[in-house]
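What follows is chain A paired twice: with chain B in the first complex and chain C in the second.
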Partner chain A sequence: MPDLTAYSQEFAQLLLNSDVQRAKEYSLELLDGGISPIDFFNDIFTVALTEIGDKFARLDIFLPELMDAAETAKTVSTEVVQPKLAEKNAGYNTIRGKIVLCSVKGDLHDIGKNMVKLMLQVNGFDVIDLGVDISPRDTIRKAKEEEADLIGLSSLMTTSMPYMKETVELRDEFGLKGKVKVIVGGAPITPEYSHQIGADAFGRDAIEGVRECLRLMESTK
Partner chain B sequence: MQNNILPTIVKRSENGPFTKEADFERALSKRAGELVKQYGIKFNPQTPVPSDNDMADRLYQAGLELFLDLGVYNQTTKRRILFSLDEVLDLMGKVRSSLVLGTGKDMRIMRHRDVEGTTPAVVLSGPTGTPCSEKYHPLILFSCAQEPLVDMLGAGSVSTYMGNQIIPGTPLEILGARRDALVARDAIRKAGRPGMHISDVAVPLTCQGKMAAVDSENGLRPSDAFLVSQMVEMKTDYDQLSRVAYLQSIGMHIVDLMTPLIGGLGGGAEGTAVVTIACHILGVVLYDASYHMMSHTHLHWVNNTDRMGLWMQAMVGQALSRNTAIPALNDIYCVSGAGAEELFWEVAAGALAGTPSGMNMQGAGCTGGFKADATTGLEARFIAEVSHASLGMTRQQANEIVLELLTHYENTFNNPNRGLSFPEVYDENTVEPKENWLEKYYKVKDAIMKMGLDLDGGWKKVKNVQYS
Partner chain C sequence: MPILDQWNLRLDADAILRGQGADPVILRTRRPNLVKIAEQAIGEALTRVYPIVLYERYPVGSILHNSIRLLNGKEITGKAISQYLSSSKEVLVMVCSIGAELEEYASQVMETDMVHGLALYGAGSAAVEALANAACQYFEEQAAQKNWQTTIPLSPGMIGWPIEVGQPQIFSLLDGEQAGVKLTESAIMLPMKSLSLILGLGEDLNQQGTPCDYCSMRDICKYRSDHAKQDA
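And then the complex of A and B:
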């Protein structure tokens, strides 16, 4: 059995170097060398991204490096991993879930939301980004229309927080509780507030947000 | 250029290069990283207060270049507002180096300060950046206004009106803004300082909300100030620019608020410092700001008392002091809250890094904004005492003490002591600090005096200067 840990570490380094060409070549070498696309995706690609996420959580690396690494990972996923999966594992779905994401009404900030979006995408989520200043009604309507598994709400301002509560209430009124899980995040948001408004999860940052989304998807299986 | 350049700004907002916001952010990240390398700007965690004049000057040049290359992003029109070098130099040359803030006997002069200079820093305090409840907001403001060493009051923000969450653009925003302005005015009247400068009422988030707080009798006056914000990083919109138009037309002070994130789009301390210089230039060119409020914070901890935050304050302060006439002001932002001993260590480090680096003082932002009402006037007193005592100190001397101060709190960042609520550390009737809070104040004060800082004698260095 090859040492997948060593491969994931080397792959993480290539992502951090933002060396798209070399990262693609390396992935192909491993895939052509006998590692199955599913093992590559689960045990190398995802593990490398988790390691990079942890580095960012400690600020061993900064947002620009994280963004570059995520963009590189996205290219590798689209151009190498997905075609290989389609070729060798027809029917295997790397899409882990569908999420409708937005900054809630009254909030024009989107750095945090954009970071969450990128990290969710490279971790296998289909992300429907509604943008900023989005009303609860528009969010719920889109989630229904897209048959989303999750709704992600971001707010950087205390004055926008009531719209998070309203979105959760509207979801419940539409009978979607249990079917569409809501995760909230942003600077003024706390786990206590998340619990108080009836959200299903809270993410302190993009990395924790992804972890929580994965957990929510697991819990719905 | 003409004095009123808003028509030019609007014209360029409508006709400048169309850019997606995400592309602007990527370009900013990339360019900031390039400039850090090009100008050889290096953060050394062992030197939170560097004494490198050449690096300070290079940092300023890097920030200027970033501003000229990127311009400012207008989120309303999704276009970049660009300026030429000549235009920027012209406007930077017109910066007012000293400002009269407030009126009558309570008036203060905020000045451009030299590196290692002896001009005292003015101290702005209030619950800026720390959320307050409706119940305790008036007492917290009074606790700051009554401190003799506090020169100006920040009104802070309360997010509810009679128990209802304030939603921007609704009548509650107008009512909340007027209430908070009145509470701030009441606080300075009760403190016997009716002419004290009030720096912003933070609850309104729209231009109309800010306008509603202007009231010469019961609200803010032209001798006071309102914040005009930059969105992270180097972004504006028409709502912010409309505030400039209104404030300019009534002759009221404009404060340029910037909140750069260390670890964010600018990268580490070096890149974020480059961005922060560009933000100050933005405040001069676009907002015609009287003074600038530098509120940089760590991306995760939401403070600036860690090594990167202190280094940034020191370097940006020195770069601005040596290359501009700007009266610079740093907002000391802490992870700890009132009632926690660590808060005194944190604010002392912030004051000591900023004072010899040319900064005026603001603070303290407590608990990273996570816990309501955990802020008081006592830590503001301490900021003033440390700042005044360190006047004339060299940066190297300050660096040595800051390194020692850091050992008392930097291991708490991942599990901070958010402290206690206002009524747990202040008597609600007398509005005096309780014994449990005073004990910690004296403990840290004594320890710092043993490090060689004369905290009881700082007033001697500022006497006869404040009012001249």
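And then the complex of A and C:
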């Protein structure tokens, strides 16, 4: 099999340039040129996204650039990669996990949560976005109903932070501890706070959030 | 209750990009397309914002340990309140909002184009912040006409004035419905893009500092206002 690293780097550059048209053409060229959709997805698409995430973590690019690249990737995924996968590898599942996401009760701030949503989507998560000001009960009910693997909670205010704790407690009361993992984030949230309330993970930003969600999925396997 | 709804808001793309954690100067050369999206969002936002400021002035009766009592008997409690309003003769309570239309439009756009949607969200935040700034400036100018001054704006959520304490107090002094703003039982204002503030009015007020000085996120915030950064 050819070394796909060079392709993933080229593809990452097209995503960063937010050149949707060219990124779609490039993907089609590779797919029509003999690279299987599964290899494209795992070794080019996903690797390119990881590289872009690393750039963000190293502060080489800003959040809006990351979002822009992610949006381009999302288009390539839905318009090119997914149809090819369906055509050639029907049944192959690119969904890495299902997550119920919200800004917790008492909080209306949702810009960060929406950014986390986009990054999770392009990284293969099925995201059920409940919106803002969501009570612990509604979150847990939805997670149960949807058989979600993960719950993502966002809080930007000291008044809403206690509802994160309540959501974790309610999850445990419902006997879902270990089954549905909780990840928390938002500007005032720290790893210590996350640990203290019994959450399973914390993400400082959207990229760390994706990494942690992937780690949680690995640990549930 | 008086309402001011004639505002000429000016937004700039840099404020939106900064609100998203980016350095506008670098982005202008590296990703002009993102600057363009922000500029386009401003154009769309300005046709969908309905700036409104509802306010009322209340004479101060007495200053207590952790609160002030107004002449009408109502109290505003919080360490920050007694600290910053103690020399005020009056307090001016206000709610600023840009309405719900932009928020609704942004959510729709978000479904299909997140980058564009986020720029619209950013424009909404910038618009309500610009409205609050403009209102504070307006009241400062009004006060100056009778040789009075205004304190820094205080907002529930700042250090020493918790949201769950401050928001119900503000809404007991203002009939938010008159501006189309309501407070939910979890102390959130609807429409979302709203801000609540209080200013002290009086003579010889101690006007040092900026609101950022009293913020719990001071040391880690990426969105501090420029004048606060210069002072730091």
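Note that in this section the second predicted complex is superposed on the first by the 221 of 221 C-alpha atoms of A that agree within 3 Å, B and C clash if a C-alpha of one lies under 4 Å from a C-alpha of the other, contacts with A are read in each partner's own complex, and residues count from 1 in each chain.
FYI, a residue touches a chain if its C-beta (ideal position, glycine included) is under 8 Å from a C-beta of that chain, and two chains touch if they have at least 3 such contacts.
No experiment lies behind these values; they were computed from the predicted model shown.
The superposed arrangement places chain B and chain C in clashing positions on chain A. Touch criterion met: A:L59 reaches chain B, while chain C stays clear of it.
Residue contacts after overlaying the shared chain place A:S18 against chain C, while chain B stays out of touching range. In the superposition on chain A, A:K179 makes contact with neither chain B nor chain C. In the superposed pair of complexes, A:G106 makes contact with chain B and with chain C alike. Of the two partner chains, chain C is the only one touched by A:D133; chain B is not.
Of the two partner chains placed around the shared chain by superposition, chain B is the only one that A:T190 touches, whereas chain C remains out of contact.
When the shared chain is aligned, no partner comes close enough to touch A:R141: not chain B, not chain C.
The superposed model places chain C right into chain B at 240-248; the other stretches listed in 240-248, 384-392 or 420-428 stay free of clashes. Annotation: chain A residues 62-65, 67, 106, 108, 110-111, 114, 157-160, 187-188 touch chain B in one complex and chain C in the other. Residues 21-22, 25-26, 29-30, 32-33, 75, 131, 157, 159, 165-169, 173, 205, 231-232, 237, 261-265, 267-268, 271, 298-300, 302, 369-370 of chain B are the ones touching chain A in the complex.
Residues of chain A touching chain C in their complex: 18, 62-65, 67-68, 70-71, 74, 105-108, 110-111, 114-115, 118, 132-133, 157-160, 187-188. The touching residues of chain A, counted against chain B in their complex, run 57, 59, 62-65, 67, 106, 108-111, 114, 157-162, 187-188, 190, 205. Against chain A, the residues of chain C that register as touching in their complex are 17, 20-23, 26-27, 30-31, 33-34, 110, 113-115, 117-118, 121-122, 125, 157, 162-164, 184, 186-189, 192, 216-217, 220-221.
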